[in-house]
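What follows is a pair of complexes built around subunit A, which joins subunit B in one and subunit C in the other.
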Partner chain A sequence: MKLSKSYFADERDDDLVEVGQSRQRSDIRGHVTGKTAYFGDRTFPGLLHLKMVRSPHHHARIKRIDTSEAEKHPGVARIVTANDVPHNLYTILILIQVGPEDEHVLAVDKVRWKGEAVVAVLADTARAAEEAAAKVKVDYEVLDPVLSIEDALNPGAPIVNEHHGRNYYLYDSGECRKVRFGNVEEGFASADHILEETYQSGPIEHAPLETSGCIVAPEANGRFTCYTNTQAMFFTLDNASIILQMPGHKLHMVGGTVGGGFGGKVDVTIEPIAILAAKLTGRPVSFIYSREEEMQVSSPRAAEKLVIKDGVMNDGRIVARQVTAYIDAGAYSRHSPYGAQKSAAHFPGPYTIPNVSVDSYCVYTNRTPSSAMRGFGVTIGDFALEVQMDKLARKIGMDPLEFRFINAYRDGDMKAHRQLTEGAALIECMQEVSIIADWPVDERFMAMSSRTREN
Partner chain B sequence: MAKKRGRGVAAVNYPTGMNLGGDPTQALVHSTPTGGIMVTLSSVDLGQGLRQIIAQICAETMGVPTDAVTIDTADTDTGPHCMGTFASRGTHRVGNAVIQAAQEARQVMLEVAAEELEADPVDLETDGVGNIHVKGASNRNISIFDTALAAHFKHGRSISGRGMFLVPRSYPETETGAMKPSTCYAHACTVAEVEVDDETGEVAVLSIKNVFEIGRALNPKMVEQQLVGGSWMGISHALYETTEPYYPKRDHGGRDYNEYLMPGPGDLAETEIAVLERPSGDGPYGAKGPGEMCANPQIPAVANAIFDAVGVRIDTLPITPERILRALKQREAA
Partner chain C sequence: MAKVPVQFTLNGSERAEFVESGATLLTTLRDRMGDTSPKGGCHQGTCGACTVMVDGELRLSCLTLAETCEGADVRTTAGLANGEVLTPVQRAFEDAFAAQCGFCTPGMIMAATALLERNPKPDRAEVIEAISGNVCRCTGYEPIIRAVLSAARANSTSAA
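Up next is the complex of A and B:
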């Protein structure tokens, strides 16, 4: 790695002692010698293992649940169903007043995605729990699933989630989060060229080495200690407190080093049910996703569809950009309404464009619920924006890097969401890339600065 | 049939933190009787090294060596609230909270030392290796060890501080979308060079050259580890990863690391990284959060490089050999 100190040198003090030094990480020896302790390294006498019975269907009505055979399975301590969960209907962002509650800890009446939790089985060994889970009989009436953004938004589509009553999240701004700046129609009318393109992506998995999980120990004083690898201790505690209808001071979350998060450990799908199980049995409970659950059940990054329409001039200026973004939340909100909002704030990317219009939709389908993941709301948008930039440059016969210099935002420019740009550094990044990648650009671009505009 | 080379570029920015939801973090700092500095938090270290960075930030503010700082975190009985480790917020939010707490603790430490040295606190400075002395008179000094002992057993003072960092929540205006989603942005530009086999559709990423502007590299080696890892993840996202390769059919979904494809050691691109520092106005020592951003620009850069190599656009992720071959065939047919 090269620290390119010549850029912005006058904005930095070089009087720091500890900061700026490549000190060896205090935890690295533990990591590379296998001595770092993770939550799952703890052992408890009498530990119970929780396995989840999951929906095999994308969309189905639950007609009957029969746990009688499972209860008789050797080693089974308890079966937990929806009736056992004090406040079964929840949504994690209710903590920041983003409702409505739309998801059950354990399914009631319906399942809305393939993998949805229906019944929890607790047994002395993981094997016994898994065997007993296979003996839980659930009669389903399979319903038509909604499996794509297009199908979900079709008038007359089956409603995925009755708690929303429509297949998209209703913002205070209406069916989508909107950004309006200038007048895109006037921009398009004045443009030399128009380019409208569609971009799509499939879900991807965080794939952390350590799967999501927790171990809960009931304490003699009536509290519950939850050893967890959540990325957000109080987020988990406060949501567990709501779901369990238990005062927060009864709960004690203990984290530590987490074996990779990438946003995959921000949903609160593990701890509340495990704490409840510990409460119901009076025994310590371990609930740890199998590798297959981590890969196929835990929330992935959302599938997205983006339509970008640009108006561009022959001299390289983009004069209008219209973005319609659809984020496939799957069956439940989790963090997706926030992700769609974040995407609206991100467009039109790091460029100054006088006319911008953005509509970001959070769409419900019978797909695995998506949620937070490294860059969500932005990563797929950047893929779409930057491929679009390449296409625009080629359309007008301009070098793709030079085309970006022409449009790059600078300090003092007004962004589409009406904040003045400050601390910009895109131009300098491109100047440095021009050097290290041996991608020469005209000297007028090498003379540009993010801090000012020429003339 | 041939292997064809191409290159592509992409440039991005990324916000630090999650202001659209309210974004607080708190920290406590105190000294043990012998001058060890304890930082108490509820923030989570995801393996990226949060503890180390926070220790260096605290050490810088307190004027002590990083070794003297211990991070006690991720316990809700002892640590004050933190929103969580996500949204590229850890270093920025936790770092700012710790600076505020450490400033308060340092002030008490200097007041106690001033009493011991019969000096004015404003005339004192730390030497960074465990001592406090009168500016311009290094012989009038006291160790932090002795200062802490004196605070505990003689003066009845608590060398401690409280820190809080909150970027107030921004509510988007419904019609215009006017909002303040972040107070600072990191930047990046990436050039990817690929070789595409037009017979098999396979893509080899030959090199990835990334430039990242991250505010301030608080620990350059740790910055490098995060940026290299992110750059790899970007390539993985572009070319390999999907949980549902033939959606809505689900039976091809990867269930483990054998089936869920990601680039292995043999697929690693030659990776070059340059870092620029434009300190953020409200970052701890100018830092921004590059954690999420660093996995983004490689995706479009690779996509653009593939077009440059074989002349087909794949606008759906991931860009698999199958999709490339289908596009090449479609072009042939046209």
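Up next is the complex of A and C:
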């Protein structure tokens, strides 16, 4: 691989020596000898195993919960229900004022997705906990589910989440996050061609090899030590503190090596209930997702539906881009209002387009709550935008790489969300790609620079 | 619940435990014998993170009952190194950056070790076949394949 150091040479010391060099990981010795300690490698005397009773329905009213048979099961130490949770309503990003609280730790009155936590069972062995969980009787009145973005936004659709009162997140900018730049209607009117396409994606599970989990040990000093593989230690600490109504200094969160995360371990679905269980029983508690739970219950990347409309000139300039994005949050917000907001800023892509209009909706459905995953809010958008770029190039009979040179953003360009472009280097990257991929472009593109514009 | 005795050799040491009837080799190694190098990624025999060797054969310890290992020779990644001296496979994994999160690594290393014991000079296709039962979700398969091939080369060089 060639490392070009010339581009930003005047902005930094040219001391990059690592790229292209083989280096050992600092933690590799533990990995190859099996000594690396993951949270689940700990054992505690008297450890209790937590098994969650989950909703078998997408959307249902809880009429009655009967735990009497489960309580009698040999080895059961405690059954935890919604009434045991001190503040049984939360949303992760309330820490940065992205409310309202919209999710229960254990379901109250209603379940809103298939897999929602209803009752927690604690027993001496994982097997006893599982057997007892099967004996918890929950009577449900099944409600009509909302299973797609289209259904959710239909007038008269059942309300998925009463804490929002509507099937989309209400931003301070209204029913969606909006970006307005120039005038897209004028742009479309002046365009030689219009292309409108719809792109859709399904949820994607991270599937880390180590499932999500934690082990909580009550300490003699009244604190609780929580060994966890969370990727978001302070989200977990602060949300646990709110949910448990327990000051932060009572909670000692211990992280460590995580056996794969990819964004799938930033939610707060495990630690608060496990800490509560340890408090209620006075015993150490292990709550580790089964593989089935990891695949079915942990948050996936959101499903998205993107409608992209572009106005393009015969000479290759994109003169208007309108995007309507729908991000399927599932039943609860978690990180999706942020993901939808991020998508809105991102949608013009790395291109300078004079007229842009973006509406990004965060939509609630009775599906598994979605959340963070590697570039969430952006990755699916990039797929759609680049497919759209190829389609646009074909429409006007232009080479797809040359088409991108024409529209590439350059230093000093104002982006649609009012951030000045700095340090773009997109032109230079594409020039290198043209050479490496043996995909020649016209010499005028090879003469371009991200730092200047040719008249 | 009645416990049953199990006795086998773990990485060269005689070990004996009373376990619940039906306990897996994985939980016995991890929870009773303190060897946490085999990992539980799925507990249903699909991910390979729990891979160990029993009497020289690769086994998924999550699907192996401890009782069936009576008198056997059980080997895990924790027992490969001789003090600070790593095996060629372990050294190759270090040098080739063949691990990211590390959770699949002990299982991968057992699969690679078993391969090289029965086939000291595998080709690329044979390496891929040998690790096909081990999932790596950080998707670092290429460095792992390179590491195993490099370990095979190191073996043949030192043997020569």
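Quick notes
Quick note on the criterion: the second predicted complex is superposed on the first by the 435 of 455 C-alpha atoms of A that agree within 3 Å, B and C clash if a C-alpha of one lies under 4 Å from a C-alpha of the other, contacts with A are read in each partner's own complex, and residues count from 1 in each chain.
Rule of thumb we're sticking to: contacts are C-beta pairs under 8 Å (C-beta built on N, C-alpha and C of every residue); 3 or more make two chains touch, one makes a residue touch a chain.
Given the structure is predicted, the values throughout are model-derived calculations rather than measurements.
When the two complexes are overlaid on their common chain A, residue A:D41 makes contact with subunit C while staying clear of subunit B. In the superposition on chain A, A:R291 makes contact with both subunit B and subunit C.
Looking at the shared chain after the overlay, A:T269 reaches neither subunit B nor subunit C. Of the two partner chains placed by the overlay, neither subunit B nor subunit C lies in contact with A:S55. After overlaying the two complexes on the shared chain, residue contacts for A:T67 are found with neither subunit B nor subunit C.
By the touch criterion defined above, A:S22 reaches both subunit B and subunit C. Of the two partner chains placed by superposition, only subunit C is touched by A:T33; subunit B is not. Of the two partners subunit B and subunit C, it is B that touches the larger number of subunit A residues. By the document's definition of touching, both partners, subunit B and subunit C, reach A:A207.
Contacts of A:T257 after superposition: both subunit B and subunit C are touched.
The contact surfaces that subunit B and subunit C form on subunit A in the two complexes overlap at residues 22-25, 27, 31, 207, 257-262, 291.
Across the interface of their complex, subunit A is touched by residues 20, 30-31, 34-44, 46-47, 49, 76-78, 80-81, 86, 90, 93-95, 97, 99-106, 109, 135-138 of subunit C.
Within the complex, the subunit A residues that touch subunit B are 1-5, 7-8, 11-12, 16-27, 31, 58, 93, 96, 98, 114, 145, 147-148, 171-174, 177-181, 197-205, 207, 230-235, 237, 251-263, 266, 291-292, 295-296, 300, 303, 338, 341-342, 344-346, 349-350, 358, 367-368, 372, 374-375, 378-380, 382-387, 389-391, 400-401, 404, 408, 416-419, 422-426, 428-430, 432-433, 436-437, 439, 450.
Taken in their complex, subunit B has these residues touching subunit A: 7-15, 18, 20-22, 42-47, 49, 51-52, 55-57, 59-60, 65-66, 73-77, 79, 81-86, 128, 169, 172-182, 184-185, 187-191, 209, 211-213, 216-224, 227-228, 233, 237-238, 241-245, 247-248, 250, 253-257, 259-260, 262, 272-281, 285-286, 291-293, 295-297, 299-301, 303-304, 307, 313, 315-318.
Per the touch definition, subunit A reaches subunit C in the complex via residues 22-25, 27-38, 40-41, 43, 125, 206-211, 257-262, 290-291.
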